[in-house]
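As written, the chain order gives the labels A, B, C and D, with residue 1 at the start of each chain.
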Amino acid sequence: MLVRKIETIVVESHHTKSFYFKGGFHADPGQFVMVWIPGVDEIPMGLSTIGENMGITVHRVGEATEKMHALKEGEKIGIRGPYGKGFDILGRKLLVVAGGTGIASLMPAVETAVEQGRDVQVAIGALTKDELLFAERVRKAGAKIEIATDDGSEGFEGFVSNLAEELLSNENYDQILTCGPEAMMKKVIEHGMNHKIRTQVSLERFMRCGIGVCGSCAFDGLRICRDGPVFDGEEVYGKGDFDTYRRDPSGKRIPLLPDV
Amino acid sequence: MVDLQTSVGELKLKNPTMLASGILGETGELLMRVAESGAGAVVTKSIGLEPREGHPNPTVIEFEFGLLNAVGLANPGIEDFREQFQIAKKGEVPVIGSIFGKGAGEFVDLATKMEDYGASAVELNLSCPHAEGLGQEIGAEPKNVELITKEVKGSVSIPVFPKLTPNVKDIVALADAASKGGADAVVAINSVRAMAISPETKMPILANKIGGLSGTAIRPIGVRCVYEIWREVSIPIIGVGGISSGMDALQYLMAGASAVQIGSGVWIGGPGVFSNVCKEIEEFLEENGHKSVKEVIGAAHSC
Amino acid sequence: MVDLQTSVGELKLKNPTMLASGILGETGELLMRVAESGAGAVVTKSIGLEPREGHPNPTVIEFEFGLLNAVGLANPGIEDFREQFQIAKKGEVPVIGSIFGKGAGEFVDLATKMEDYGASAVELNLSCPHAEGLGQEIGAEPKNVELITKEVKGSVSIPVFPKLTPNVKDIVALADAASKGGADAVVAINSVRAMAISPETKMPILANKIGGLSGTAIRPIGVRCVYEIWREVSIPIIGVGGISSGMDALQYLMAGASAVQIGSGVWIGGPGVFSNVCKEIEEFLEENGHKSVKEVIGAAHSC
Amino acid sequence: MLVRKIETIVVESHHTKSFYFKGGFHADPGQFVMVWIPGVDEIPMGLSTIGENMGITVHRVGEATEKMHALKEGEKIGIRGPYGKGFDILGRKLLVVAGGTGIASLMPAVETAVEQGRDVQVAIGALTKDELLFAERVRKAGAKIEIATDDGSEGFEGFVSNLAEELLSNENYDQILTCGPEAMMKKVIEHGMNHKIRTQVSLERFMRCGIGVCGSCAFDGLRICRDGPVFDGEEVYGKGDFDTYRRDPSGKRIPLLPDV
């Protein structure tokens, strides 16, 4: 377990903050870490920034993320990782489709792909303008950006998956990378299949070990933490758990709520 | 061609490797995947009567030499597990149901259910080192091991394998008690009570503070336990603790284990660890002129 | 500047690191060398009444994660050791005499001699895991620990430190017995009963078959033991098992140890391990705003 | 513990045999291994050949070496190591002085030094002609050789240390390497000091661990197994144990017998 001081905290939106710390390890775009909030919990978080300074971007949804939000610069967190299989960054033209906090896990892929000289089109979706994350950072990275808000307060009015469908109809892409609610990703995979484009999706399930032994993150016969969290869209599309079931900490299979 | 088939009492195995309890054993699909990856049998996560969330995170941390865990017997409860069990059986190797309870009555209820579900054997978790009122808190006493084994034996007709804790002065006394209770085999060892502190935060890392050490670090402890049991107790032994290679498994087999289980070895080796271990055992046996893995069981006692 | 001084009961130490018994502790010159290399105190090899050759070789084997040994309490006997002791004292740090015997009478005789020789304290080896009729075969029983401690306390005026075995269900009961016997501190832990088999020869590698596991692999076990003892027993604790860095030592200190011993850490780190560990502790304390090592003793219990 | 098949056994003299096995590890000239004779004992042995095929050369003196001599090709031994600090091979002109089985531990240094283009003069001593070891191998390596036998049955009549003194008086050497009885090595160190030449000596004491922890091989404040077995002559010359005391398996300091 690495223990790191929080060097910088950035408020990204009313419910989301980024936390930066010195990594000291290599990570691939799409990998995650287990973040220990001492005395509270340990939770998985995608790396939203990789490099000498590592960053995670935390959406406040419950106790652990709440306590995380209450931490100050200089306080300590534990880090295990990086874990999992990240995105394969391939192809000349990439479409990146992010729903909500999903953009956090996608940012390193966006930045890496642009640095490698690829054409990157990002579609970010949020409920409303104020909850949009990293739009500026996407622009600064040199990627093209389109925005969708459910309430139309900025950009395209509607789901980002619909926006993605529009983009796919207008241009040819080689790869799609997506992270967000599974209902949204399911649509994106379908659009990808219609256009015969491979989609890579990043999934989330309850995790304990993060290293593929405890089985808590089971998703059909896959372990999200080790076989994923990034999977080929076609691989997960057919699975019974996709967009349907998750497991609670007891291992019980329960319905996946639409907004988780 | 070397024959890897072995048996633990009446339970026949196509090879001597099994998945250890608590590793990928909570869901049917993952049990099936491990079976399809080459394990000779799979053991389910330890299941109790009611759903249980286990200890809060952090529950698992890794060292260079093994894992420390305090999952705390998280499980969906025996009722919910029925469906998972049916899926697991599609893996076409024996599925062994691991169970835990507060006393003989709970063990009997759970064992009966497991038999019902089609378990090839039932493993009694009398050895979890980090769950209050359960596991080794019961199973460190020989008389409890004997009693619970006897009660379970009296109520099911599938083989019964008590799993023993190394966190005692004398594991042989536990094995002996199991044997007196009518156990068909014993499983040794569960993880070793241990903990880790993070100096930077001045805190134990596991939320439960204390957990169980597993993996490479405990292999010499597990081999010793199996060796000691073999000398004194005549029922078969299933060896577990720190196995991740064929040579590791052979140490256990030669110490007297009729089969082995692999848990933490899945961490580095992935589900492929079972077929790799089997391949290495096979190569070793071939090179050393053996026709069957059975020839080396207990071999370290003849010197 | 951080103050590394600590004390174990009445025994004052310039820093919290000591040489563990059985490592380079058979001869005066090597004890002196370790003292001069920076250890805060040195513990002698466990000494008995008569010279003893110990077990035949192989007696020590190494793993990636620690050592397995069955030296078998080889020692030149207390009479012969007088001269070595006098040489050891030239190292100018406290020399602690480790002793083993078959019962209270032998322990008393040996302790009296050690006091005579000028020992700063006496460590009672009630925990060697591989010597028949000695060590843990006596010391796994709380009542023996209490009795032997009491008898030794009654016959010497230097501090008495029983060294405890982790190979029991409940090490706290042993520490409690030591405390009741009047011990000034307890030392935890001795090595963990273990063995290794060489598949190629189908033989246990150690001539004694069973030995004690030490080094990195047992650190989480030792830390757990110290943590458990601290919660229940109020006498000071000397922590030992798998320490080879400052961070390792800090885990023990925060678990409740007033000082630590290093044994197998000398394998990779050489005699320089003591000053390295001290330097790392010092740096850690400095960075974390502590003035004295005493501030972190038991710190992991406040959460 | 490596377990190796004995590939070849060579009878070197009526009481000495060499055993060859596949090493699979790197070793420096002067290092030793702990050799496990399963069911019997484990004893330290200098490597008399290093490289892909490793060799040890065993003088039959007691139970373990007797059992070792009884082993056949194809049988197995255990190997731990290589351990210790070997010879520093330095200087243009080297004098190598070997007493009895001492030549075994020196052979790799002789061969390495010649390969490195150094001038190597070897002086081998034995009680009598029939007990001379490796004379042919020294010649084949391309080193010069002088022989001393106590009974004059070959070469110089007398102790090899006297022969060494003669060689030192006739030529200038940069380094002396020696292995053999301590009384002999003591003389060699003295001759070296007289000629202001550094002497490296290889020592032996009772060993258990071979890795510097158990203290069995204590020699004053040194551990033969880890600080040695090769030491600077001047470093050990002043030590109370040199040519005087050894320790038995109980750790008791006892007189060093002249021929051990």
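Just so it is clear, contacts are C-beta pairs under 8 Å (C-beta built on N, C-alpha and C of every residue); 3 or more make two chains touch, one makes a residue touch a chain.
Just so it is clear, the structure is predicted and the values come from calculations on it, not from any experiment.
Computed from the mean C-alpha positions, the centre of chain A lies at a distance of 36 Å from the centre of chain B. With each centre defined as the average position of its C-alpha atoms, the distance from chain A to chain D rounds to 65 Å.
Put simply, the C-alpha centre of chain B and that of chain C have 33 angstrom between them. Averaged C-alpha coordinates give centres for chain A and chain C that are 50 Å from one another.
Touching of two or more other chains is recorded for residues 38-39 of chain A.
Chain C has residues 196, 200, 203, 303 in contact with two or more other chains. Taken chain by chain, the contacts run in an open path, each chain touching the next and the two ends left apart.
By the definition of touch given earlier, these chain pairs are in contact: A-B, B-C, C-D.
Remark: chain A residues 1, 3, 34, 36, 38-39, 41-43, 76, 78, 80, 208-216, 218, 220-221, 223, 226, 247-253 touch chain B in the complex. Against chain C, in their complex, chain B makes its touches with residues 63-66, 68, 136, 140, 167-169, 192-197, 199-200, 202-204, 209-210, 213, 216-218, 220-221, 223-224, 227-228, 247, 250-251, 254-255, 284, 288, 296, 299-300, 302-303. The touching residues of chain C, when paired with chain D in their complex, are 22-27, 29-30, 32-33, 45, 51-54, 56-62, 67, 69, 71, 74-77, 80, 196, 198, 200-201, 203, 205, 207, 263-264, 266-267, 270.
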